[in-house]
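Next come two complexes built around chain A: one with chain B, the other with chain C.
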Partner chain A sequence: MIPSTTRTTLAAASIRPSTHHSCRCYTSCLPLIKRKIYDRPLFRLLHTARESLKDDTPFRKALKDAAKKDKKEKREHLNRPSNPAKLRGPHVDNWELTVGIEIHAELNTVQKLFSGAATSVNQAPNTHVALFDMAFPGSQPHFQTQTLIPALRAALALNCDIQYRSSFDRKHYFYQDQPTGYQITQYYEPFARDGYITLYPHDFPPGSAHPNEPVTIGIKQVQMEQDTAKTIQQPPSTHLLDFNRVSHPLIEIITLPQIHDPTTAAVCVRKIQAILKAVNAATAGMELGGLRADVNVSIRPRDKQLTDYQHSYSGVTGLGQRTEIKNLASLKAVEDAIIAERDRQIELLEGGGVVEGETRGWTLGNKSTKRLRGKEGEIDYRYMPDPDIPPIFVDPELVDHLRSTLPRLSDESVHILTNGNQYNLTPKDASTLLALDDGERLDYYYDVVERLRARFAAEPAMEARIGKSAGNWVLMELGGLVRNEEWSSTRVPSEQLASIISHVLRKTITGRTAKTLLSMKYDGDERPVDQIIADENMLVRPLSDREYEELAKGLLEEKADMVRDIVEKNQFKKVKWFVGQMMARSAEGTVEPDKAEEVLRTLLPLPREN
Partner chain B sequence: MSRLQHATRQLDNIFKHASLRAVVSTADRTSLLSAVESADNVSRLSEIDCRSLHGRIILVKDNICTTQLPTTAASGILKNFTSPYDATVVKLLQDAGALIAGKTNMDEFGMGSHNIHSYHGPTTMGRIGVEERSAGGSSGGSAVAVATDQCWTALGTDTGGSVRLPAAYTGTFGFKPSYGLLSRWGVIAYANSLDTVGILGNDVDSIEATFDILNVYDSKDPTSLNLSTRSRLSPRKISSSSLRIGIPLDYNISTLSSTVREAWKHSLQRLQERGHSLHTVRLPATQHALSAYYVLAPAEASSNLARYDGVRYGSRAKGVDGTPESVLYAKTRGEGFGSEVQRRILLGAFSLSAQAIDNYFIQAQQVRRLVQQDFNRVFQTPNVLVDGSTHSENEGVDVLLCPTAPTLAPQLSEVENQDPIQAYMNDVFTVPASLAGLPAISVPVDIAEKDRQPKLKAEDVRENAGMQIIGQYGDDKLVLDVARELTEATRS
Partner chain C sequence: MVKGLKYGRDRWYRIQEDDARCVVCAADPRSEPTWSVESLLPNKAQSADAPKISSKQLHHLLRLSALPLPETPEEEAKMLDTLSAQLHFVGEIQQVDTKDVTPLRAIRDETKAAEKEQTITLETLKDAFAQEKVIGKHHKRIQRDTTIPIDASDVEDWDVLGSAERKVGKYFVVDSERPQE
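Let's turn to the complex of A and B:
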């Protein structure tokens, strides 16, 4: 547990403009707050994804800045107690926040959940619609078995128990985007239960109030369900309906109310999103509307003596009345909405009021959540088992197979990248690599490392340096070039970067030359690296023995006074100055300091050991 | 007589009996007759099976989708609807050479017992000029069409008795096969877990010939019985000369009319005379079956009918519908649905609501399970759908014989102002087999001479009561055979 003072300060900090770094790391590593979330239901165009791809430099800068700020804040905190009441208004310290999250993610499938129609993202409206998708009279659902596979992968990655038997229910509500008048979901018998997700310190944005120990959040269940149609509003009164999205398979992930901090909630959503991508269960994140979250928020006094808090949700007891905030479409919205709702509830309770069980909405940029409907307006979904859809039975062998072939998850990746001698990256670099370009940068990095290992197969001594060096080049040097452009792993093919790095490691080109080479490749020079080096005569050419001697002689004559200091006053350290001068006066990389010193000592002459 | 002669007469009858409102839309007469003629030519050349459907005139209930004719389900909300696809059963009939001559009237979406809740107006049974009796519902149009020789056979749908009850009232045969044998793809859902396509005809042979064509697995219907389970169903016919016939004592209720009770006794006696043995059995859950049915069916109906909003198809209310705060079709649904449909939607919405589901929907499902267990206990053959099915205590029965309805067809004037509960009571004998998904057929049995109405007797109109034969799941062929046996026994 984090000391509450730190937590509250930092939690409150995230709503202050001066502490935007903790948010900026989201924006730089995940393209979020630039999205206009209110556009989300209307357009889900793939190409918008690219515009927001960021290079790593601002991210790394953010990391550094945030780390600095973190230190500074800690210092200030020690020196003078801050004035939380002034910063936060309500007495945040006195209350414990409890949050549960429901995440809806579009599954990566070829077919819809209950018809043979293909799934689609931005095809012409109403071109992928089967009879049942339109709820034609007499049509029936056909569960597409293969949609289970990504759902199972997701549930396994979230450490859930896969249920041998699960079934589908109808959740009724009227809306024009819901052709049957009900959504088919898994209410009574979900396909996965009792999972968990672990948040490690490296999952938290730098500068945020991250806990020192890993935080585990229970997953109550994961269920499959269908998406609705898209409504495109054409003011003042036209609603256009596109049924392509109807019955696109979704999974809903429900966490236990075990989150007590707004940042942790955002980190949890972000991590679930990353896991879904890592196991290829979902393709699009929040930025494309492929994932959205509802949060339920309650507070209770830290002083547990009070007995007014007897609500129980998903088996967690002693909680305050909760409210639900629906349809949050970005990580920032998740965090900000929770903060705003927490503060609203504190203000309400401290003012002698009562929290109503209600559904609220949140618009990015707003200071407060907005009431959508109260308990009396709550929809009774009249859940009913779907009589047309037989239950699903999942063969345990299939589960075992999927478990054994599950792609590597990010926690495991960070562990491998930072521990042992394999890659030798810092946790900071490792999580940066993982967060960039939907994991493409990490794949590229692995590729470069593999190619370097092949080149140095006969030199085990070099192996230890490969991982770190490749990390530096992929993140810093190449990252610096990519900066504001779209990432593409083919722009500088991994083999070519490996070639550049191997020349650097073998000292056959200078660091400066290597950077030049990288820029040339990045800007489209199609010649292989080795050919550019040959064509442009870029190889380091060491001085001959004679050239060393001539260079040294000239210097010693030029600085006769210093020679005297060395020879007569035994100021041997001044030899190093001459070494430095020899290096400075020759082309980069052509003078080896050891060799230069040897030549100088021979000429002076001096014994070896002084 | 050639099939062309039959067809011509039946098509003439459709026209002649238009006032009964049995048929609500018809195909083009000329092209139908030319199709029959070519079928006739084929049959003359190759002497085809008399059971063949080639050139047969078949009418289809208006809740079964057809591309050639509108499909309204007798509802205002679908009054102008034509389906973009054919139901599997329609395709199968056409592929077998049958001709779909028209669509038959019904209670809206299958909800009703007297065929009075129709957008097209009520179907009536008029055997003599002045008579206006209930045709039964909801497949009343199909029953009257068969009774008045407007077709060879007609398709209906049976959710809680909607094929058997009108058959009993109109003196025709009405067969509800085991649930899952006939495809529901293209059959407009009333209550999916109960809806069964049924067949009405003037004899068992025509019904069986039609059933044989339709009794195939359909991958489009997720509730269609799969091939491996089908292969486990015994193709049981009457094997021994002596059947064990069950008399369910719980069906001998106080409201059973004496005429029907007489006919029941008469049927049992005649079967006994032919060497079959009679055995009384108890089906104690029967008394709760009707209430369970009227919880479950409306619950599913309220869900199934949620799609009718006039947005994608169907009719919409005139003028602006919906406010920014509400859905865009409150008015449309209010105008499009008839009163009985609205009543059942509300009933279903209530029994599924959070405060009522435990006491209504869940309880009703439990009763449904008890009803199934009752049947499994009395039948000799185990139910193939139940693992380790409880076998009958001693020797079980082959089939059950009981009345289809407590009374003969009531006067229309009587039922039009009836309390809805009274109408629901007519389904008391048909609902149990529906809840258990069992095959059942209603067979017309002549009533006793003393019970006949003088007016009808004077016109020489046969009067009969419907007797229901219920078999174990999958014993459809046995049920049809026993129907044949009962017909012979009571007519000889």
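Let's turn to the complex of A and C:
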């Protein structure tokens, strides 16, 4: 229902400051106002800062460098005869890609995971830190039970089984952003297991190749863990540390290696991000550093006869050696890093090489991933149960309560909005409404529909048109006005928009008048719509029979040659030209084409047929 | 039901109803010991057969533990000897049959009553739920009320940077370079 121009506008609003080539849009439909955030280097690092040295470079500089590099490559490309084999790239079609994703998301909580210190964003450094957060000798962790609320909601929304008992473990490694020398996480007994997420065709960006059937991706587990301190680089080797973020509660969501396409991986991350926001489990998305993804990438030949592919991850067997790419901070980075790593592995294997199990990094705008270090084996982390933290027991009644009060998720909303005649929206429009303004736009839409239904209570036949028409006005017409501004549901109150739409549906005002009315209301005209219509004399006044006749007669006299063509040469199609002229020469909406034709045929005279 | 522990013949016994069992091998105090503390330490001959730890492995372990590397070959040899003795000890401990034994993670009350007391319920979280509101008239969403001021001064009111060796403004300062692989 949204014409493509508007879709493009919505998409354009969400693209980051342009990188070297036009990119597909995943964070679709964020209003422009939010884009400004991207311009500031607000990058924050979740828990894996060791491999993230590059990520502290200000975002603008990263973009500039990427653009420079791209320009240079293009120049070189022009000066050199291209190698056709290289241009075609590796033989992607001969290989099957397998990807598993780990997503780290900052939970929306008042306090840290193991202390009463407050969680914070952008506060003076080192002002929200308890003794335990600094690993002060003798301090003890105290699990903050309320951090479970967003964690459980997230896991329920991802269809996981909540474990009655879970516990915390220590993952040992030394780095300055982790003062204890270990991260507290849930390795042996995570609090949630065996979930899944379903990706529908409408979850994919417009124009991308997407599967026709829904794709289901298993969630192996969800675990709670600590975030690390924030590091500010002072090149070459100085680091400034702010421990406000240390021990901020995170959840890590681990998918099964069931993704075989880079776009699907990005769509999966985007949907998980949207789900976490929808249940208020996380508030900051990737654009604010509140969510980061690591991807595990492996390839195997489509010809399964080969027996060199014996790796197994999370119970999925017969896979190639995987590499892990850490700390991807945008959906585009997720997709591009997977493509680059897939192509690197294919080239390596086709050249007779071997893929090493290792950790790799990806910098925005780069064409390939870069080795950071050999993969630490899990044994190197020396996981052990944390003896200072008792196991967590979750009352099943609490889980039931959270499940039954969980906000309606996007899949269900889309289903309601698109199936049957209740709302009659397309999946694309439904998901656009859902994604806009943190759900405010959808709430407004429902309100407009409710008010319209009250106005048409005696005409049940109108129900199917109400939903679609309201969608059009809320997304397209009002959406066009809001485009560059912050959404407010009171700027054009829902009752006033419903009034405009009902006039259109009853054909008492013209479409053009309706648009004028809407912009008057949007620009602050305080009169009710009905009063504006009366004051400005906006109602459609149909022509009387006499006026129809006078108009038609005048035209027929004016164009006597055309009348001859019709009457003598039987060029009946020219009647339509007269109809068009009658409509064009009267006020919009006052001439009905059928009636005009009838009057013309009577005057000519012509039989009704032909 | 374990009533207590007692020490004798070089080992600890778990005292049960009318019985006592070695905590390690479950033998009773009358039987011939199947092990002794001595057997946990390597003798000269054994340390010679012990699995050889390479210098590379030692350095890897030291790096993981953020410990300094040995400065002389003698120091390294001594470290390798110590590590080898420790590994022998661990090897002996690993001989113990732990099938169906739940690992002891911490000493704490693990009775059903204690578990019930620790269980997190709606009641435990009622204050947190009270700080949430439902927004939206038709499309209802949950929102944690972030306007409620948080007073965490009881745990935050201390000189966080007080024992910092180096600082710049309100930041801790660390110098470090990524190790070259």
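Note that in this section the second predicted complex is superposed on the first by the 395 of 610 C-alpha atoms of A that agree within 3 Å, B and C clash if a C-alpha of one lies under 4 Å from a C-alpha of the other, contacts with A are read in each partner's own complex, and residues count from 1 in each chain.
The rule is short, and it goes like this: a residue touches a chain if its C-beta (ideal position, glycine included) is under 8 Å from a C-beta of that chain, and two chains touch if they have at least 3 such contacts.
Small disclaimer: the values here were computed from a predicted structure and weren't measured.
With chain A as the common reference, the superposed partners chain B and chain C clash. In the superposed three-chain model, the partner touching more residues of chain A is C, compared with the other of chain B and chain C. When the two structures are aligned on the shared chain, A:Gln310 is found in touch with neither chain B nor chain C. When both complexes are overlaid on chain A, the residue A:Ser413 reaches chain C alone and has no touch with chain B.
Looking at the shared chain after the overlay, A:Gly138 reaches chain B, while chain C stays out of its contact range. By the touch criterion defined above, A:Pro390 reaches both chain B and chain C. In the superposition on chain A, A:Thr216 makes contact with neither chain B nor chain C.
By the touch criterion defined above, A:Gln176 reaches both chain B and chain C. With chain A as the common frame, the single stretch of chain B that clashes into chain C is 279-287; none of the other options in 81-89, 279-287 or 441-449 do. In the three-chain superposition model, chain A touches both chain B and chain C at residues 131, 134, 172, 174, 176, 181, 239, 241, 380, 382, 387-388, 390.
Interface residues of chain B facing chain A in the complex, by the touch rule stated above, are 63-65, 71, 73, 78, 81, 83-85, 87, 184-189, 191-193, 220-223, 299-300, 302-303, 305-307, 309, 311-313, 327-329, 349, 352-354, 357, 361.
Every residue of chain A that touches chain C in the complex is listed here, in rising order: 53, 108-111, 115-118, 124-131, 134, 145-146, 148-150, 153, 167, 172-174, 176, 181, 232, 236-243, 278-280, 373-374, 380, 382, 385, 387-388, 390-395, 397-398, 401, 405, 407-408, 413, 438-440, 442-443, 446-447, 450.
In the complex of the two chains, the chain A residues touching chain B come out as 131, 134-143, 170, 172, 174-176, 179-182, 239, 241, 380, 382-384, 387-390. If you check the complex, the residues on chain C that touch chain A are 64-66, 103, 105-106, 108, 115, 118-122, 124-125, 127-129, 131-132, 136-144, 150, 152, 154-156, 158, 160-161, 168-178, 181.
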